[in-house]
Amino acid sequence: MSTLRTEEMTLNMGPQHPSTHGVLRFVVRADGEVMREAIPDVGYLHRSIEKIAEKVGYRGFMPYTDRVDYVCAMFTNQGWGMVCEKLAGIEVPKRGEYCRVIAAEFNRIASHLLSVGAMAMDIGAMTPFAHVIREREMINDLIEELCGARLTFNYMRIGGVAWDLPPGWREKALAYLDHFNPILEEYNALISWNKIYVERLANVGVITPAEAINYNLVGPNLRASGIKWDIRKDIPYSVYPDFEFEVPVGNGQWGKLGDSMDRYVVRIREMAESSKILRQALEKIPPGAVLAKVVRNFKPPAGECQIRVESGRGDMGWYLVSDGTGYPWRVHVRTGSFAAMGIIQKLSAGLMIADLVTLIASLDVIAPEIDR
Amino acid sequence: MEALQILERVKSRFGDRVLEISEKKPDPFAVIEPGAIVEVGRFMNEDPELAMDCLSNESGVDYKDRIEVVYHLFSYTHRHGAVLKVKLPRDNPSVATLEGVWKSANWMEREIFDLLGVNFEGHSDLRRILMPEDWIGHPLRKDFVEPAEYHGISTVRESPIVRLDTKKK
Amino acid sequence: MQTLIQNLIASGAFGKNPPRDLVAAIVVFVMSAVVFLAVALPFGGIVTWVERRVWARIQSRVGPNRVGPQGFLQWLADGIKIICKEDIVPDEADSRLFKMAPYLVMLAFILPWAVMPFSSSLILADMNVGILYMTAVTALTVVGVLMAGWASNNKWSLIGGVRSAAQIVSYEIPAGLSIFPVVLMTGTLSMQGIIRGQGWAPQHWFLFASPFTFVAANILYMSSLAEANRTPFDLPEAESELVAGFATEYSGWRYACFSMAEWGNLFIVGAIITTLFLGGWQFPHVTNNVVAMNVLQVITFNVKVLFLVFLSMWIRATLPRVRIDQLMTACWKYFVPIAFVNMIGTAVWVAIWPDGNAAMGYIMFAGAIVIGALFIQRVIYYLRRSRMEVYFNPTI
Amino acid sequence: MIAVSEYVHNIKDTVSTIFEGMAVTASHFMRKPYTVQYPDRMPVRVQDTLPFRYRGILDVDLEICTGCLACERACPIDCIVIVADKDQQTRQLLLSQFDIDIAKCMYCGLCSEPCPTGAIHHTTEFEGADYSLESLIRRFVQNPVIAYKAKKGPETDPRIAPILNRGMAYLDQWAQPGGEKPVGEEPA
């Protein structure tokens, strides 16, 4: 019986597709439901922020760093501030570091909330996303009162932060944290331990520890593969040594180690850890100045340096080369999503189309971070 | 191990192919001869002492007279890192790809090729990553002039505010 | 219906001795027109408004409340908007199939209304093969959806269409198998006969007749959800993967047919399960005025059906979507074997107790109440932990 | 074939987790919706509920603008255009143009930071939609005005004093580099 002539389908998923987070495009070669290969095609959101940095100078570049990763913009602010401080040797006052950690950890919770909610929406449950947006809205209100903006904060400056905590803000933040923990547990009961949800995520896109390191995965994607590595703990920066918190690591409880369910659960646990850090930071914040004395047109000495910040999507490398003038010579950001994108093509062979959506959501990849 | 010790160890191993080691304050680095980068990388990856199992960051920098490719290596086992540099001529910069040693180099090298025009020999799939396929020129080069329009879409938008010139006399 | 026609002719509304079959035809035609225009179509619209309000309440938002009182005319506004929209036929699409598909799907939504048992005498056609007709007709949607998927010349729609064909065809089996236990117990296929086999009180319903029928009811409900493309099985138009699945290329009135059929099927799913397991229109004999009894029966039938429709909205807001291979494993490895066990179990059950075991009815009913109490206790637990203020008023 | 125990475990797991999920959603039926009915069914105007530091559309008090062009230099996108030049006869600084293109502005707050008198500041107004691009350029100077000259002591002129106090209050919000600022005092 002559075999039926079957033909592979080339599907065009994106750039306007509901579940590629931001403008991402995948050329999917699929045989029915099962994919042969998904070739990512990025660059739709490329604004060349690194070229802009060379034109607008050190102080003017801070608002642009919010646009590198607008879901958790505090970390990019912190990264840019720290790389300039390291090059110029500026010492940030203690209270300034505490304000930075508080704002950053709130933003990490908001970023993880969005990524966790978007993953539930991609798998078909609408309600968790609405609950997540409600919680994120409360955090946005808190940060709005702190720095005046909800998404592109521009809260930090070279040498510290722009504003001190407004009066009464501390109590509001602590009240939110008390409200947040039961809501997180309720969210888990609603979707995280749901059998259909676990079935959709377990054993999908398994990344072994060696592969994770070789492909330079970072942050929750790396920790989900069982590697206990968190910049806040292993290369301590800012005031993170003052707080005790553990680093959640994937343990392959639902399927093989390093599958999408592990990445999801690591993010859920990281939110609980961040709220622990926030509680300690809000209690132990010392009085004093929040901004070091930095001359208005900031000119760091010629030279180059690199720092790494534990952002919502993993450790973000800021590499700065300066030639002594008021404008940076070269800025390079290596972000978590860019590293995670490299592995999608290899992982996508053999997955189903519905799994590609899950894989993208579990790697928490967003377009502005990839294209910069 | 301290960054400088690592670089000394590499220098002792490769001798003159490591051109110079600079102890500049924030991050010391070693300049490697372009031809030897793959062996150095493989050595640093496999040597149990260094065990650099991750190419954390690879960036290209365009100095007016030369283009440098900077490799930030890192080791999760020993928790230490090192910085290597390769100096390339500006007109036709090309260096061997490190994709064989670290898979993460694939995307980073494509970005450097796209934005700075450095050709990586032996790269599995060297094409533009961020700019459109038919873009002319490499944007991050210092001498790059932005084209006025691309496929009929103008890339220049004058500011709508007109500055009054009140210089009467 | 026959009794209705008899006393209509007797009352001389149609002159002295009118031709009987002409009158019967007119009455049936008018009744079905009324049912179609006054119940089926408005229901398809109103349920969209109710679903959006229920969803909104679950997602701590408000839902449509601007068009008409509390947004009640929202569905009318949507309907008019969608009818005024231009319905485009993609040029490479196979236009004849493309235009036919929505009407086939609409047909599959309209035909089951013929055997819908609203009350003891209010049924369009009391066939003696009622339930068989119902399952056969609901399977028509496969043809329509497959045609839509293929004809819109869009790869995503093709995947949506093929997925839905596989899903509906394979979920016919457990649905069919779950109907057998009821047919075994009542011995008839006619809808009215099945309902007359049950009493009005819950312990006389077939749902609690035996553990087998209880499980059969759940399997029938889940598989009809799958046939109606509802979560957790709404793969054909999975928003996050296939945009809108087979209905991507449709717009205007043709898209309205698809969405009308999809939401209307909820009523049909609810009606099948109410007739088979929840005692249909059975109501205690309070008055012997026939019209009043019929009205009460219609009310009980609709209340039960609307509760099941509400349940499917509630499930859709809570559960995520299964993947295509999990869908197939669920059907062939879990639903079909258990449905067989139920069928054999009921056969043995009927052999031992030909007219049903009353004690088991009470026990099962008590078990259901215990599960309900446990559920309410969990709800109160979550309410107290979240410390959000309690608020019952549905309007805002 | 998977073991019967795993088969039953799967079913039990599915039923119990769906039961939990339904309980959570059921508890949401009894909760107050979190959304507000912006723009028309609001108890109080949104702009008044926003915090003091909210970075909305820019506003300039020309009475206390000293014409020092600090904001124009600080703006990374050059969307502020000021023309202020010394008038030969009266030796005074004349402000003849002060335009801000709020379509291009990214509300980053870098301009209001260096302003000595707090003339340029963010309001809590955010509804900037308009019919023409032209009207998105906010022109603050109709006819040329003399720039404000900061006096040594407190401001005497009763008309300008409240505006200056408001401006300085806005500036107090910013962290003074290196300055020890006690926590908690908030301008009225």
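By letter and in written order, the chains are A, B, C and D; residue numbering begins at 1 in each of them.
The criterion applied here is as follows: a contact is a pair of C-beta atoms (placed from the backbone, for glycine too) under 8 Å apart; a residue touches a chain by one contact, two chains touch by 3 or more.
The structure displayed is predicted, hence computed values, not measured ones.
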Common touching chains of chain D and chain C: A
Winner on C-beta contact pairs when A-C is weighed against B-D: A-C
Central subunit by CA centre of mass proxy: A
CA centroid of chain A to CA centroid of chain C, Å: 44
Rounded Å distance, chain B centre to chain D centre (Cα mean): 39
Chain centre separation (chain A, chain D; CA means) in Å: 26
Chain B and chain C: spacing of chain centres that average the CA atoms, whole Å: 63
Residue list for chain A, restricted to those that touch at least two other chains: 127, 134, 186, 189-191, 194, 196
Overlap residues in chain B, where contacts from two or more other chains coincide: none
Chain C residues counted as touching two or more neighbouring chains: 58-61, 317-319, 382, 386
Chain-chain contacts as defined at top: A-B, A-C, A-D, B-D, C-D
Contact footprint of chain D on chain C as seen in their complex: 56-62, 314-315, 317-319, 334, 375, 378-383, 386, 388-392, 396
Chain A-facing residues of chain C, complex: 55, 58-61, 155-156, 159, 162-163, 231-232, 234, 238-241, 243, 317-326, 382, 385-387
Chain A residues touching chain C - in the complex, by the definition given at the top: 9, 11, 17-19, 32-33, 120-127, 130-131, 134, 179, 182-183, 185-186, 189-191, 194, 196-197, 199-200, 352-355, 357
Chain D residues touching chain A - in the complex, by the definition given at the top: 10, 13-14, 17-18, 20-21, 23-25, 27-28, 34, 50-55, 74-76, 106-110, 113-114, 122, 173-186
Residues on chain D engaged by chain C in the complex (per definition of touch): 7, 10-11, 18-35, 37
